[in-house]
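Note that the chains take the letters A, B, C, D and E in the order they are written out, and that residue 1 is the start of every chain.
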C-alpha cells in the first residue's frame, strides 16, 4: 500500500490547488469525510437560487434562473397553428434546449453539445407528462386555431445541474406568460387586438378570459450525486465530472413522482439511497416553490 | 415527343451522327499550373490543374505514386432554372469520382510519388454531356500543366432515341430518359477507360451506340490534338524558337 | 420552404396584418421625436458588466435599451483543427441569436456576417503575437435584439477580452448611425433601422484615436460623411469611458 | 496562400514607395480591364470581366415573384458570389465559403443601398409589375474563375456590365383580377426592358501598404497590406458604401483622405468601364 | 386484482423471449434480442485504438450509435444513446483496455414497446459475444404502474395509453462469484438489489415506484436466468464446434 501513502505525504507538501487538480477524487473524498464540500456547502444543501421574471421583452413570457453560477434563460413565444384532427381543442408546446458556445468551453460553434438534445428531450418529457399545463387552455377556436407555445431555453453558463436549472427557468417562464389578446379577422386568421384598434374595431377578442395559463401541479427537480455512501445534492460541473453517478428526481406539488432518472453510472442505487434522494427533493421542492412565489409576487408589486 | 424529324434532323438541327461545335482554349486561369475551357455546343466547362505539389493532408500521402484529386462544381447560373445547390451533393460527388478515376488511369502517377495533383472542373453552362466535356477539359488542362500522361483521354456520349442512335446528346435529348452511353478512350492506345450507361438497351444496339460514341471520342481527340499543337506552336513562337 | 420532416404544424405569429409603412417623419420635420424619446444625437444609456459567465476565461454582458448581449471569451487555448503553425495567435469569432431575440421567432442560427465583422473589428486591437500557436475564441449571443446589435456586440466583446486578460492595444468601442431622410440618428433602435435610408457603423480605439472598422450603406455625400463620422467618434469616446469605468469597478471590487 | 521571400516583399514595398509597382504601374493605375458581355446565353444578362489575371463572371436572372409584405412597391434583388476552386485550391469544398459570403455581403452593401432602398444602384421599385402582387426578383450571381487580387472591384464591374446587358421580358397583365387572387400575366418574348445602369456605382479598393495606398492590388501586393478600404462611388460622386478589411487601425483623417482619392479614381474608372461595356455590347451585336 | 391485457397475459407475465449471438460476421460481436414483437440488433466493434476528444484516455471509452427503424436520428435517439452509453460504461471493466474505444451499434428492427430495455439486453449480449471484459451483466425491464398495480413488459399499445406511468429499470444480474459471500453486498443488500439505470415517464406516486422496483427486481431474476442459459448454451455449442 505504498501509493496511497505517497499521495498522502504529497498532500501535505503540494498546494491545495495543485492537489485538487492532480487528485480530484481524493480531494473530494477528504472533504466528504468531513461532511463538507469544497464550496463550503453541507452535502445535502443546494446552491443559492434566484429567479428573475420578464428578462426578455420580445417574448410573451420569460425568466432567468440561476442555481449557483449555472444560468438559464427561458422565453416563450406564442404563435398560432391549426390544431390536429385528433385533438381539435388543444394547443401545443414545443420545447427546445440550447447550449450556445458561450456557456461552456467544451461547446464549439457548429457542433452542438452532446448534452443539449438529451436535456431537451428530458425537459419536454417532464413538462408534458407532469400535466402542469392543460393543453386545452391553449385552444382559441376549436378545430380552427390554437396556440403553439415555443419554449426555448438557453444555457448561458453551465456549471452543473443543467436539468434542474432549465426546468426551474421553464416553470418560471410559464408562470410569467402573458397571452396576448387576439381576435379572428375576416381571412380566418388570428390577429393581435392592439389597443388603438379596440375602439373602432368591432372584432371581438376570442380569449378575453384566457390570458394566463393555470399551472396545476408544478414540477421541481433535484439532481444528486451518489458516491460511495454519500449523497451530494445539486452538484457543480466539477463534481459531476469527478463522481459520475447522477440521480435526478422530479416531484410535482402534490409530491407525486414525475421522473426518477438515473442513467447508468458506476454506483448502484439501493432503495434506501433512492428514498433519501426523494426526501431531499421534497425539501428542495418546497424551497423552490417559495422562491418562485416570491419572484411572482415581486412582479405583481411593480 | 419526336426527337428525330422525318427528314432525319434533330431538335437543334443536327444529323443523328453529328457532333456539336467544339471549342477549346488553353490557359484561361493564369494562376493555375494548367487550365483550359472546353465547349461542346452550349455546354461550357473550365478545368484547372494545380500540381504536382506537396500533399496538403499528410495522411493521404501515397509513398509510391501521386495522389490525384478532383472536384466538380456547377455555377449557380449554369442550368436553365436558377438553383442554389449545396456543395458536394450526390451527383457532383459521383461525377467528381468518375473524372478522378478516368484521369488517374492515364496520368503516370508512379513518376511523382508523394505528391498531389488537383483537378478542379467548373461547369459554366450545362446543356447535356457535362461529364464528357469535363473529361476533355481536364485532359487539356493536364497537358497544359505538363503532367506526364500515357495518352490524352477524350470522351463523348451517345444515346438511342426514336430507334435511332444519336451522337453527343444535348440537355433536352438527355432528359428524354432514353439510354445514354458515355465513353472515354485513350485514342492512341485504342482503349476504353470509361464506359457508363444508365438505361436498358439490347446488346446489339448497345454495341452500335457505343461504336458511335467511340467515333465521337476519336473526333474529339483529333480536335484536341489540333488545339494542343496550335498552343505548342504559339509557345514556340513566343519563346522565339 | 420545404416542410421539415416530422409532423411539426406550420405556425404564424399573430401580427396585426401587413403594416403599411408609416412615415416616421416627413422631410425637414425637425419636431419629430424618436420612438423612445431620445434626441437625434443621444445614445441609449449603456450598461456593462464583466464576469457574467463563470465557466469562460472572460465574459461581459451589455444592455443598451432592449438590446441585450452576452459575450464569452475562451482561451488562449489549443487551436481546434490541425492547423498550420503560426507564430501569431488566432482569433475566432462567432455571433448567434436566440430564437426569441427578434420580434418574429427566428431559427437561432449563427450570424456569419456579424461573425466576420466582429473578427475584423477586433483583430486590429488584440496583440496576437502574445499568444502564438493558440486560439482565442470570442462567442457572442444576442439575447434580445433591439437595434444596433452589431456595435453592442463589438463593444461588449472587447470588454470580455479585457476581462479574460487578453493583451490589447486599447478597448474597442463601436457606434452606428442611421440616416433617415436628411437626419442622422445615433444608436438607432430596431424600428429606426428598418426604415433607414443609409447607415454607418464605426468601431474605434478611443484612446489611440484609430478606426478599426468602418462600414457604410446607402448614399452619402462628403459633408454627411464628415458629420456622421465625427458624431460616431465622439460617441465612441464617451462609450469608451463608460467601458473603462466598468472595468475599473470590477477590478476594485475584486481587490476588496 | 502567397508565399513570398523577404527580398520579394521588400521589392514590392519599395516599388510602391517609389510609385513604380512591380508590373510597371503607378500607385493609382488600374490594370487594363477587358469586358465581354452575353457570355451566358441562358441568363437574362451576363458579363465576364478580366483585370489582369483576375477573371470573374456575373450573371443576372430574373424570376417573377411576390413582393414582401413590408415593401409592397419594391422588387427584390439578391447578390450571391461563389469562388470556384479553379481560382485557388483553397476554395475546394467549403473552403471558399467564407470569402464568398464576405464578398456577397460587401457587394450587397455597396450596390443595394440602405434598408429603405435609398441609394441603390438599381431602383427596386422599377421591378414591380403589380404593386403588392407581382414583381421581378433579380438574382445576381458572381463566379470567381481566376483570382489575382482585387476581386471586389472586378465583381462590381462585372455586375454593372451584366446589368447593362440584361433585358427583362415585358410583362402584360392578362386580365383584371380582384381581391387576393394572384393576377395572371403574359410574359412577352419579344419586347425586353433595359435597366438604367448609370446609377450603379463602381467599387474602388484602396489597399494600404506601408504608408501609401494603391488601387487594384494583385494578390502579391494584397499579401503585404495592412488594411484595405473598399469604397463604392456612383456617378454623382456620392459614396454608396464602404467596407474595411484588414485589422490595423486607421486615423479618421486618413480614411477621409482615402475617400477623396477614391472619388477621383472612380471618375476615370467609370468612364473606362462605360466605354468597355459599350464596346463589348457592340461586338456582341455584331457577332 | 386481475387486469385484462390485450394479449391475454397476466400482469407479471413477460412476452416470449428470444435471442441469438454471433449473427453478423464482420462485427467483433453481435446479438439480436426480441421480446414479443420488439426486436433489436446490436453489433460491437472494437476495442479500437484511441479515445475521442473530451474522453478520459486512461480508461476505455464506449460509443453508442442508435439507428432507428425508419427516419433520422433525433432527440429521442440521442437520449437513448446517452442512457445506453452510461449504462454499459457502468458494467464494463474500463481499466483493462485504456485509451481504446468500443463502438456499439443498435439497430431497431421492430418496436412494440419496451424498446430501450430490449436494446440494453441486446447490447449486453453483444458485448459478451465480442469478449469485452465486464463486471456483470445488466438486465433491463419495463414496468407500467397504474394506481396500485404493476404490469411488466408492456406492448407499444399499453405504453401509449395515456395517464399511465412507466419505468425502465436496469438491474445487475446475480453474480456467481468466487469471492467470499458478502463481499459483493453493500450495506447488507445483495448487489442485484441495486439499480443501474432508472428512466421513468409519466406521473406516479412514490409508493408505486417502489412497487415497480420490487416487481421489476423479481422479474429480472427470470430474465437473468434466461440470459445466462442462452449464453452457456452458446459457449458449449462453440466449444463443441471448436
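As a convention for this text, a contact is a pair of C-beta atoms (placed from the backbone, for glycine too) under 8 Å apart; a residue touches a chain by one contact, two chains touch by 3 or more.
No experiment lies behind these values; they were computed from the predicted model shown.
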| item | value |
| --- | --- |
| Touching chain C and also chain E, the following chains | A |
| Contact-connected components, chain B excluded, all else fixed in place | one piece |
| Closest chain to global C-alpha mean, per-chain Cα centroids | C |
| Chain whose mean Cα position lies farthest from chain A | B |
| Maximum centroid distance from chain D, chain identifier (CA atoms) | E |
| Distance from chain D to chain A - Cα centre to Cα centre, in angstrom | 50 |
| For chain A paired with chain E, centre-to-centre distance based on mean C-alpha positions, whole Å | 29 |
| Chain B and chain E: spacing of chain centres that average the CA atoms, whole Å | 55 |
| Chain centre separation in whole Å, for chain D relative to chain B (CA means) | 32 |
| For chain B, residues contacting two or more additional chains | none |
| Shared interface positions of chain C, touching two or more other chains | none |
| Junction residues of chain D, two or more chains touched | none |
| Contacting residues of chain E [partner chain A, same complex] | 54, 74-76, 78-79, 82-83, 85-90, 165, 167, 170, 172, 186-187, 189, 191, 193-206, 208-210, 213 |
| Of all residues in chain C, those that touch chain A in their complex | 7-17, 52-56, 59, 66, 68, 70-72, 74, 77, 80, 94, 96, 98-103, 105, 108, 110, 137, 139-141, 143-146 |
| Residues of chain B touching chain D in the complex | 28-32, 35, 42, 46-48, 50, 56, 71, 73, 75-80, 82, 84, 87-88, 118, 120-122, 124-125 |
| In the complex with chain E, residue positions of chain A that touch it | 106, 114-115, 117-118, 120-122, 125, 129-131, 217, 229, 244, 247, 252, 255-266, 268-272, 274, 278 |
| Residues of chain C defined as touching chain D within the complex | 18-19, 21, 112-113, 116, 120, 122-125, 169, 179, 193-199, 204-205, 208-222, 225-226, 229, 233 |
